[in-house]
Amino acid sequence: MTTDLRTLLARRQPGQTLEAPFHTDPAIFRADLDIIFGRHWIYVGVEPDVPDEGDCMTVDIGPHAIIIARDDDMELHAFHNVCRHRGARLLHTPTANIGNIVCPYHQWTYGLDGALKFAAHMPADFDKTCHGLRRVHLRSLAGLLFVCLAETPPADFDTMAETLTPYIAPHDIRNCKVAHAEDIVEHGNWKLTMENNRECYHCSAAHPELTRSIFAEGFGFAPVGAEAEAQTQRFHRLVDTLHIECSRNGLASREIEHLDDRVTGFRTERLPLEDAGESETLDTRVACKRLLGNLHEKRLGALSLWTQPNSWHHFMSDHIVTFAVFPLSAETALLRTKWLVHKDAVEGTDYDLANLTAVWHATNRQDSDLVGKAGAGVRSSGYRPGPYSPDTEALVEKFSAWYIGRMAASLDA
Amino acid sequence: MTTDLRTLLARRQPGQTLEAPFHTDPAIFRADLDIIFGRHWIYVGVEPDVPDEGDCMTVDIGPHAIIIARDDDMELHAFHNVCRHRGARLLHTPTANIGNIVCPYHQWTYGLDGALKFAAHMPADFDKTCHGLRRVHLRSLAGLLFVCLAETPPADFDTMAETLTPYIAPHDIRNCKVAHAEDIVEHGNWKLTMENNRECYHCSAAHPELTRSIFAEGFGFAPVGAEAEAQTQRFHRLVDTLHIECSRNGLASREIEHLDDRVTGFRTERLPLEDAGESETLDTRVACKRLLGNLHEKRLGALSLWTQPNSWHHFMSDHIVTFAVFPLSAETALLRTKWLVHKDAVEGTDYDLANLTAVWHATNRQDSDLVGKAGAGVRSSGYRPGPYSPDTEALVEKFSAWYIGRMAASLDA
Amino acid sequence: MTTDLRTLLARRQPGQTLEAPFHTDPAIFRADLDIIFGRHWIYVGVEPDVPDEGDCMTVDIGPHAIIIARDDDMELHAFHNVCRHRGARLLHTPTANIGNIVCPYHQWTYGLDGALKFAAHMPADFDKTCHGLRRVHLRSLAGLLFVCLAETPPADFDTMAETLTPYIAPHDIRNCKVAHAEDIVEHGNWKLTMENNRECYHCSAAHPELTRSIFAEGFGFAPVGAEAEAQTQRFHRLVDTLHIECSRNGLASREIEHLDDRVTGFRTERLPLEDAGESETLDTRVACKRLLGNLHEKRLGALSLWTQPNSWHHFMSDHIVTFAVFPLSAETALLRTKWLVHKDAVEGTDYDLANLTAVWHATNRQDSDLVGKAGAGVRSSGYRPGPYSPDTEALVEKFSAWYIGRMAASLDA
């Protein structure tokens, strides 16, 4: 009874929201898992999730269950979280520190590089080298971890990494620690969570805490009304000032946007913040006394970084907030947020956790409520695609166009 | 693996219960939502649900999310509860009193007549008149509200309204208030809830409270055994007496039955009650001192009114009980019951809420239990259609025949 | 998108675990319910579940809802648990003692032999003999109850019964009582629960309580390492000693294995136990002073009995533990365990319930955890069939091969 995916892709109207089946149909959800999450670079976490030898982290990208492990040579590896014997899930906790990966069922034992080291009761001609854990491609972009489940991953990761490293590197993710993490189940398709992130049209009404520090203009918002011109001019003056200062400090800061013209889409820009201009906190000042990396200047605004299909990040002088979206079902998604500070920062002394997390903890809940309302609407029979605002929702359109393009390209291949 | 709907419709045996897939198959459930609930007049509530200017009510008929709004000119409107911008659900509470319908996501603002009044950030050539809320047909039958989601609703609503208004009007729904409402989730397909309502074969064993006042004979029941003839004669004497008295008072009362020969099927009759004969209460006396409309006589029995596919109603001199059935899933349905009294009646003075609701509160739970047992049975592999009693379940057969006929007619069209 | 069942059956590699769809695909689950559970002899319980006249037990085998009733002549009957009138489920509790089976909806009344005795309101030409409860085939194998939902059940039940009766009969199930029962929902397909039972490769690591008494070698396990030969020799000496002793006592004890060469597959052997060698208890001694039947010797080891598709049993001199697996969904199954002792044994005097149930209560939980881990793994996209150990998992292979063979034979028929 549902319309064919090819038909839906072909008839998508640029500038309009996606038709309902993209947000509700289990068959299209399976296609999303296969094409988008199975064949693109997916952001999964940060190196500080697995800082030490023997550290493992599990990540579930829909039905793709993955282990990320750091071996004794500090090398990172990614594998399917499935035993090669009877198929049992190997690791069941979000993180672990272990010497080997031992299957809980029959104790088949794998090294942290995935090699099968021990399997009792197998015959003499059993070839252990054919039964190592199945590998998943893994890359670290200056500390941001991406996996790709395809045999041959998109080749443009390197270009993205070269472009973005100068922006990210000064924040020195590898010398950070995860001060806090939270997962929220949002009651809408993963693309609704992404669409919500790709515009700030809703910010002024929905996000009183966040808009103390950020400028909606930095996220595609074009002000309207009597004060529009003055607002825009002020914002651009602040941007210009920040970029000049960054340039003086050797920090990359100018906008680079390839959301819709690459397989691995991304966008970045260093943006000014309001008032004290230091951080995305309730008082716009740094939440952590110990600055990141070798940074000495507090007032660096916020480096905004987006990747397609599933992440966004805010890098300030004192902390980083990093967001990953994982599909759960056609109509639900997981939003995973982590707050990073310098690894030597001491809670209670250098930072107060409640203060550090206040803005995005509140903002996430507000966004989750809106995504739930969008999810409830698009599953109603009365829903029809509506128009994006050309000036204020252009980056949402880029997300949707990227998605449609990637799906269509994959079906054509 | 499931049998085709057309085949199932064609091979249905009159006089027998429906085959299992009609009560369990998600594909047939979707066809029910489309054909029965998407193209017929569906009872959704009463005018006293939205008595004042600015009152809104939300109703979910399966995936059809609807707002019913009363504007400042006291006109009623029905719309899809979905924003024309990004598709967010507009209203999330069962009722609201508001000046405009404002989308919680980006504040697109609609009048209570559905017109789009405000949408920020849209370009100069954006036509607001093309982006009003999508309308749903709405009719009030002497205060009972019906919607139809089809573009062209069944044309026979007017005939039904003309026929039924003389029966209903004296109870003056528009000058009632909703004294109490309750929702029950029944664990059976919506048609099992309807079938349960369309016979009183089960009443004597299941409903000790209800049978204090009602005569099963008024609902298709034919008594058997030694006292059958005496019982039947007594009932018909009481019916005749009531009808004569009603005629004297200018009240319509005689049976009209079009359950199975109309697109918009219905049945009505004013029926006598036991003992005091005043109301469907535990002591058969009125539960509310203030009678409805301009009624002065307490002893008017109960006006029974049924509509296809999803409602039944009992109108007494002092109060009204009104029932709507909404499909939730192939195997669950929502039964929504409302108790209405005169709007000037004062709780605690004119009526005691527990006394007012006692009979149907208990009866609903008993019926819900039976529907759950029927639901559990028909999903068992051992279920086969069984015979309706020709004398006592003839009105269930009419419901089933109407359903089969409407589904077949729609597939043929 | 899922692969066709015939293709999956045809390409199954002997010696390897089944492909993921056999454990996750709802369509294959429905085929399992139809072919395996709908056309084979399914173990459902024991005669002591319904010891007396009028005793009824309900069993749900997936969508097959069944009543097992003992009539006033002590005859056992099995029926579909569905009324022939409107299809209501008749019995809703696990057990009942009743004179007739009365439908809760309209009081249609059936004898304990399933005959329709009373149905009000039906016309003169209504034939009650055509509306008795729909029968299900039922057989008792020395007190173990099996049903078959097919019209013509597999003919080899008698051969199995003749073969197994000499093993089971001395434990005299009919003179037992159910001392305790427990249901566990396992988070894996029913075949994962069965596979887990068909090997003891996992026992040493997973089951500290159970391995106090049992020898893994009795369940297909081949020891490895330096002590393998000594272990094997010791086990075989104990087996030989036990079988000689049993032979002296007139007890059948030698292995008979037809797991994979019969429609109704089975396996049995009387196996020695460790230490005191009396029972599967924490101290390896009998948990019940009153021995079963006419047994006088405590040290009879444990009679292991398996049937395909869904049961296993341990018969000791003092008690019996009996296990049935029922499918719930593609990814969940119910494990039902019952502990039987002599019907005259008195709790607190002859046996302590905690001591009686300690080993298998713990073992069930450990197995349930492992089945859940296997279930989680095989639903991951990274799962691929893996190799069974030829020496230690040969009986798992027999289960899988039996399953594949039965499915293929049914599709071919």
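First chain written, first letter: the chains are A, B and C, and each begins at residue 1.
Throughout what follows, a residue touches a chain if its C-beta (ideal position, glycine included) is under 8 Å from a C-beta of that chain, and two chains touch if they have at least 3 such contacts.
As the structure is a prediction and not an experimental result, all values here were calculated from the model.
Participant: At the place where copies chain A and chain B touch, is the share of residue numbers found on both sides over half (same) or under half (different)?
Facilitator: Different, since under half the interface numbering is common to both chains.
Participant: Could you report, rounded to a multiple of 5°, the rotation needed to superpose chain B's C-alpha atoms on chain C?
Facilitator: 120
Participant: Measure off the straight-line distance from the CA centroid of chain A to the CA centroid of chain B, and report it in whole Å.
Facilitator: Here chain A and chain B have centroids separated by 48 Å.
Participant: Mind pulling the residue numbers of chain B that touch at least two other chains?
Facilitator: Expected reply: no residues.
Participant: For the complex, which residues does chain A have touching chain C?
Facilitator: 27, 30, 38, 62-66, 79-90, 92, 104-107, 120-123, 126, 131, 134, 136, 149
Participant: Write out the stretch or stretches of chain A touching chain B in their complex.
Facilitator: Per the touch definition, chain A meets chain B at residues 1, 17, 20, 195, 201-202, 205-206, 222, 224, 369-370, 373-374, 376-387, 389-393.
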